[in-house]
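Shared chain: chain A. Partners: chain B in the first complex, chain C in the second.
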Partner chain A sequence: MWLTRPFSERSTQLFLGVLIAAMTLVTFLHLALPESNPLYVNAYTVNLFGKYLSYALLAVAVDLVWGYLGILSLGHGAFFALGGYAMGMYLMRQIGDRGVYGHPELPDFMVFLNWDSLPWYWAGFDMAWFAFLMVLLAPGLLALVFGFLAFRSRVTGVYLSIITQALTFALMLAFFRNEMGFGGNNGLTDFRDILGFNLRSDSVRLGLFLATGVALGLGYLICRAIASSKLGRVCVATRDAEARTRFLGYRVERFQLFVFVVSAMLAGVAGALYVPQVGIINPSEFSPLFSIEIVLWVALGGRATLYGAVIGAILVNYAKTIFTGVMPEAWLFALGAMFVLVTVFLPKGVAGLLAYRRKNSTSSSTPGNTSNTKEVSA
Partner chain B sequence: MRNFPLPWPCAARARPASAWPALAWMLLLMLLLMPTLAHAQDQTQNQPQDQSDDAAIELLEALDVSSYADKGAAIEAIVTSDDSRAREWLQELLDGRLQRTDDGRFVVVLENRGRDWPVADALTGEALGEISRRNLERIGINNALRNQLRSAIAVVDLYSPDLERRRASAERLLGEVDADLAEPLVSVIEGEEDDQVRERLVQALAIHRIELGELDALSQLEGSLHPRVRVALNRAASGDDPVLADAARSALAGIEQQLKINRGLETLYFGLSLGSVLVLAAIGLAITFGVMGVINMAHGELIMLGAYTTWAMQQLLPGQPGLALILSIPAGFLVAALAGIAIERGVIQFLKGRPLETLLATFGVSLILQQLVRTVISPLNRTVVSPEWMSGSLHINDALSLTLNRMFVLGFALVVFAGLMLIMRRTRLGLEVRAVTQNRAMARSMGIRATRVDIMTFALGSGVAGLAGVALSQLTNVGPNLGQNYIIDSFMVVVFGGVGNLWGTLVAGLSLGVINQVLEPWAGAVLAKIIVLVFIILFIQKRPRGLFPQKGRAAEG
Partner chain C sequence: MSFLGSLSERDRVFDFLMPAQSPVDVRHGPILYLEDVTVSFDGFKAINDLNLTIDDGELRCIIGPNGAGKTTMMDIITGKTRPDTGKVWFGSRHNLLAMNEPEIASLGIGRKFQKPTVFEALSVFENLELAMAADKRILPTLTARMVEPVRERIEEVLETIGLTELRHRPAGILSHGQKQWLEIGMLLMQRPRLLLVDEPVAGMTEQEMERTAELLTGLAGKQSVVVVEHDMGFVRSIARKVTVLHQGSVLAEGSMDQVSNDPRVVEVYLGAPDEEA
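Right after this comes the complex of A and B.
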């Protein structure tokens, strides 16, 4: 019911249509064409697309809290990285005794640090189901505790942004420490297998790409379902006038907490899909810069549209790939300029442009101009 | 960071056992020669070549032998000679600067850089221009000789008219006095005018007497915090004599107590120093964020601009780091303030009332500024020289010395804070700022030009960031990432102290600095920082408006 409602929305139909078409097209171009064909998509590109899609899922998660709940989280990278680390730990255990030191149980970096047994929190990560569960639970729990404390004491607006940033910064510092048992500076890498399949084979890369696409589709549907439900309406009301919503009798903090946790879990899934595709997870994913970059993707694509977040994530990361390949020193200029230009001239993002061009669109599903709404902080 | 006094070099223990009696003998001899020596030194200033240079050359020739034992004898010969240049030779020999040219002249290398080294004649001190380093041969010494040289210099220095040299020499003799040296030392102590040197020498002598088992010498060591005194007491405490051991133990306990207090004071000092850095970095933010409500993520980069201004100033005024530093205070303020005005006019004014968007846009500005510095100047760190009057430290006692540069920064932070308080409380601008903050519309209808006030406030906050950069350049590396390292901390300080409250920023900054330093010894630097961050995150849950929340209507904005 509430889960099927999004299917009747035109924007969702369109989005899913485009997503499925793109996935089919890439698969076709990769598998059916000979390598000599100019349209042939090689495994590297498939991998790259897979990475973009996992970023897109992360952007959708951020858009859910920022676009619909008005919480500008500058710490979503932390949830992404936690999901990534959960996946990384599973992949680490899958290496088994094929590491450099050939230890049957301990990952290489632990052998290197002269540890003689696995720390307790590594237990169970050799089982896929447990690791995948932790991909959801680790970021979810952190978001639950953090959100419970923050929303209960009505920390909102800029203050919340700053402490989410502090959260991810603190986690980054913590994960840099070798004593934490997560590989310190180098993080987790040198993965080999996932679920028994060789990570470096082309077909697994294609499989991961498709899995990420499916996850993005599902994540999008979940967010859409939340946004278009009554819950979503309360969220938007909270975003636009938190105090008023509270006076109407809604326990605002519960709604905030629920959506925040869902968003963190989605970010965790995105991280878990990202790690096997790039082959490494290290503390730099916790860096405040990355988290704030995610927000830019959403801002560029357009807040509170979800598909805008996807567009933004793919556009910015595509630009990043191009720039860092051609003129790496210009990338930060471009990124900085994007931040400024988008916020000043394009408050509704690319999605806003699209909506502007087809004026007769179903604007009821996309909440109105959020930038004009006064930020009310209790 | 922390400079603990280095323990006595271990190599000292390896010195030949015969060195000390010889030195003591020399000491006696020096005592006799004292008047002559002083006389000789007076004369050298008038006519540098009063000595027979053949004798001097002979002294130096003796050094240029392959056997280290012979070299040791030659060094003793130099010490016991009444040549006024003896001390310089010993020092030059110790530094490896005493060298010999192809044609057999003894020269002093003034600077060993590049292929040709500027040298001076070892005998006359006259500059001889540059000589290719291939034509020079250094007179080699080994560790045993090095120790002999240091001790010899210490003994020679005891009679030096230069107070600093006597101090260093007395320091060196602590714990190194033996029976032969003790006797002449007594008369040296009597003749010594400087209290500090005398106290050191008394302690040096007392250590020796304790080693001999003399109980009454203990009283002279009580309260001394010097590590070598503690070593001596520890040895006495584990010695055979039970009475002496007990007395030594109680003296040690007293010293430990004092050390603990000193360590506490040191932690406090480092904490306040770190805190003052935080206050400096955050106080500008307290103006722009706290008073104006504008989130300026580029604040850190404004700090960086201030630091780079100091660097540029020093490039413009080579050789005058002090003047450059003083000039960069107004210059850093100006550069950062102008950059701030540009940011305000170029970006922030379009985003009025949208704090989250302001945050993103200014973050973009910060990326651009960072990359600009990387591209235009260099991605590498630049070194900013500390002027002489800022380096060194203030010696409180043997266990506690306070580094001067940190003290300057601490003082600077307080001055900047006081200045800002004055501006906000006592000037027209401050009044207008507060009026606009409290009620913009009302302020405007009273004739205050709100836009102008915005610009001025932002320029003020940014300028203070520039000042922070000038100060930071004296403590840390100046690089493109300088600002990034401080931005999160700065926001934490402002939020912790209570937005819109300058006093809160001061208290928060200093206390966070101290907390950090108190945690550091047992948690490590990184963990201490994490703990502080988590503490602030939790604190904000408890008191979302910081330590000193604003009350009344201003708080509702």
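Right after this comes the complex of A and C.
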């Protein structure tokens, strides 16, 4: 089966091993240790790690289209936010009549706007299965339509990057409007339950953290399976010589569309896992700056490795947490400095450094494995 | 040349390795037939009443000064350019003027461009794998597995183009000549009936040229090969039959000795005798 092929790769085994070990460790430190122990991990930190993991999944999705297909999407925040909104709508409906206004059906902001019934597009979001389906379908559909138009017209390179920026910016403006029915600039918040469990309890936070870890592992596997398949090699071929690939008989625009849609769906899942952990979704997730930041994570971690994207997302966001706690005004300078340093000294990102060290330690390069050539292309 | 012999093992052809091509009818001899073809760009006749016949399995060299219409002729055969008048037939069944580029390519006409374009980040082996005639839709590509007949076919072509040793190295590290061979190999993976090769030895070293000559002559017989080339020494070393183009039509045709002694050819190629030395 093509989906299980990555299990035989060393990098995948290593990645999944580290991920499972980290999840187990955090769970152990949180549950088994007394609060007085210095190694005790409190619920807040578990929650923070969960957030990092959802960012990591988003970064993996971006790396799939950027690293392997060469499409620099500066609008992946839009897919992330759409997945988040789908989850947010479900969580809003779960509040029921416990809102400030106590309306049995309408979320608070709709009561405030004097609406008397739910808009049609809110229908079905009280059902978990429907909402979770929309987490995949909403970003997927947007990517399908957008990608179809863009790739059919052979829009690539910097032009595509600019259009993706415009896409997420336009969505941000739209979601800011109260009339859209998504809570305007306040977004959706004040969530209480997910699948009947209290969102504010520690065990649910741990559960969400673990669920995000599992999603990251699965997302990584899917991306890795795509990247190591013949389709992945067609993607790399497209990235490096699109016209030549087309000349070989591959319908390049369809491959681009397929991978773009898969990536958008993964970003949507990341958003859906992010929202219950931070407790809010608002239009700022659509902001063009956020989308650019995602690309920075991937660049820092190293393109076209997938695990590099995970490393980049976690490192940058960890640094962000530290910095914005200690000296918030310096964060953007630190981010800029990190980016410049990595670009100058580690053009292949942190993953490039890891691969270099590994190559030196094993000394004999073993050909015959496609993952080797992938690293060269990174 | 024994390694080239492996290419003649035609009993080991598997259905799925074959491009979806309708049989080309070569019972009447020629595989490619151009009659009275004329193309003009803004009044300039790039091709003027061109008549050309390539036999099945033939290796033909086309020479001619710059602007003689060599590249335009290739463009017409592959469907990139439409002639104003004339006929272009592939075998005696397929009218190429009624087909578009992908259709012509899938019929078994492969073209190698002047400048080699290989996928530098992929290995030599993977380059050939992608070039192989196969189901190129998304899901079959996603689930494609490396099965033994495919691997054997790739190894076979690797041996033909002499890159077996380098098969797992990225194509980006190959020398210019090796990239040209890889590109020819990629064409061979598609099992073409007719190979159009544009200036294969430009920028090659002496040894690389010899190796290319061996490769192309080895291909002839199984495929028909049309080579456009400037290098007279190279043409002499491979060609059995040479066609000289001049101002869009055929000036002379015959063996290398015949055409190089033709006074009209000498006139067109004023500096040619020196170049041949």
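Here, the second predicted complex is superposed on the first by the 357 of 378 C-alpha atoms of A that agree within 3 Å, B and C clash if a C-alpha of one lies under 4 Å from a C-alpha of the other, contacts with A are read in each partner's own complex, and residues count from 1 in each chain.
Operating definition for what follows: contacts are C-beta pairs under 8 Å (C-beta built on N, C-alpha and C of every residue); 3 or more make two chains touch, one makes a residue touch a chain.
All figures in this text were calculated on a predicted structure; none of them were measured in a lab.
Asks: Is A:Arg200 contacted by the first partner chain B, the second partner chain C, both or neither?
Replies: After superposition on chain A, A:Arg200 lies in contact with neither partner.
Asks: Between chain B (first) and chain C (second), which, if any, makes contact with A:Leu335: first, second, both or neither?
Replies: The answer is first: A:Leu335 touches chain B but not chain C.
Asks: Where does A:Ala150 make contact in the superposed view: on chain B (first), on chain C (second), on both, or on neither?
Replies: first
Asks: Mind telling me which of the two, chain B or chain C, contacts the most residues of chain A?
Replies: The partner with more contacted residues on chain A is B.
Asks: Should A:Leu248 be classified as contacting the first partner (chain B), the second (chain C), both, or neither?
Replies: Touch status of A:Leu248: second partner only.
Asks: After the superposition on A, what does A:Arg10 contact: first (chain B), second (chain C), both or neither?
Replies: neither
Asks: Scan A:Arg98 for contacts with chain B and chain C and give back first, second, both or neither.
Replies: In the superposition, A:Arg98 contacts neither chain B nor chain C.
Asks: Which partner does A:Ala237 reach: the first (chain B), the second (chain C), both, or neither?
Replies: Once the two structures are laid over each other on A, A:Ala237 reaches chain C alone.
Asks: Do chain B and chain C land on any of the same chain A residues, and which?
Replies: No residue of chain A touches both chain B and chain C.
Asks: Spell out the residues on chain C that touch chain A in their complex, using ranges where they run on.
Replies: Residues in contact with chain A: 102, 105-106, 117-123, 126, 129-131, 136-138, 141-145, 168-170, 172, 186.
Asks: Taking the complex as given, what residues does chain B use to touch chain A?
Replies: By the definition above, chain B touches chain A via 295, 347, 350-351, 353-361, 363-368, 370-372, 374-375, 488, 491-492, 495, 526-527, 529-530, 533-534, 536-538, 540-542, 544.
Asks: Note which residues of chain A are touching chain C in the complex, please.
Replies: 2, 226, 229-231, 233-234, 236-237, 239-241, 243-245, 247-251, 254-255, 258, 367-368, 370, 372-373, 376-377
Asks: Considering the complex alone, what residue numbers of chain A touch chain B?
Replies: Within the complex, chain A touches chain B at residues 72, 146, 149-150, 152-155, 157-159, 161-163, 165-167, 169-170, 173-174, 176-177, 288, 292, 295-296, 299, 329, 332-333, 335-340, 342-344, 347, 371, 374-375.
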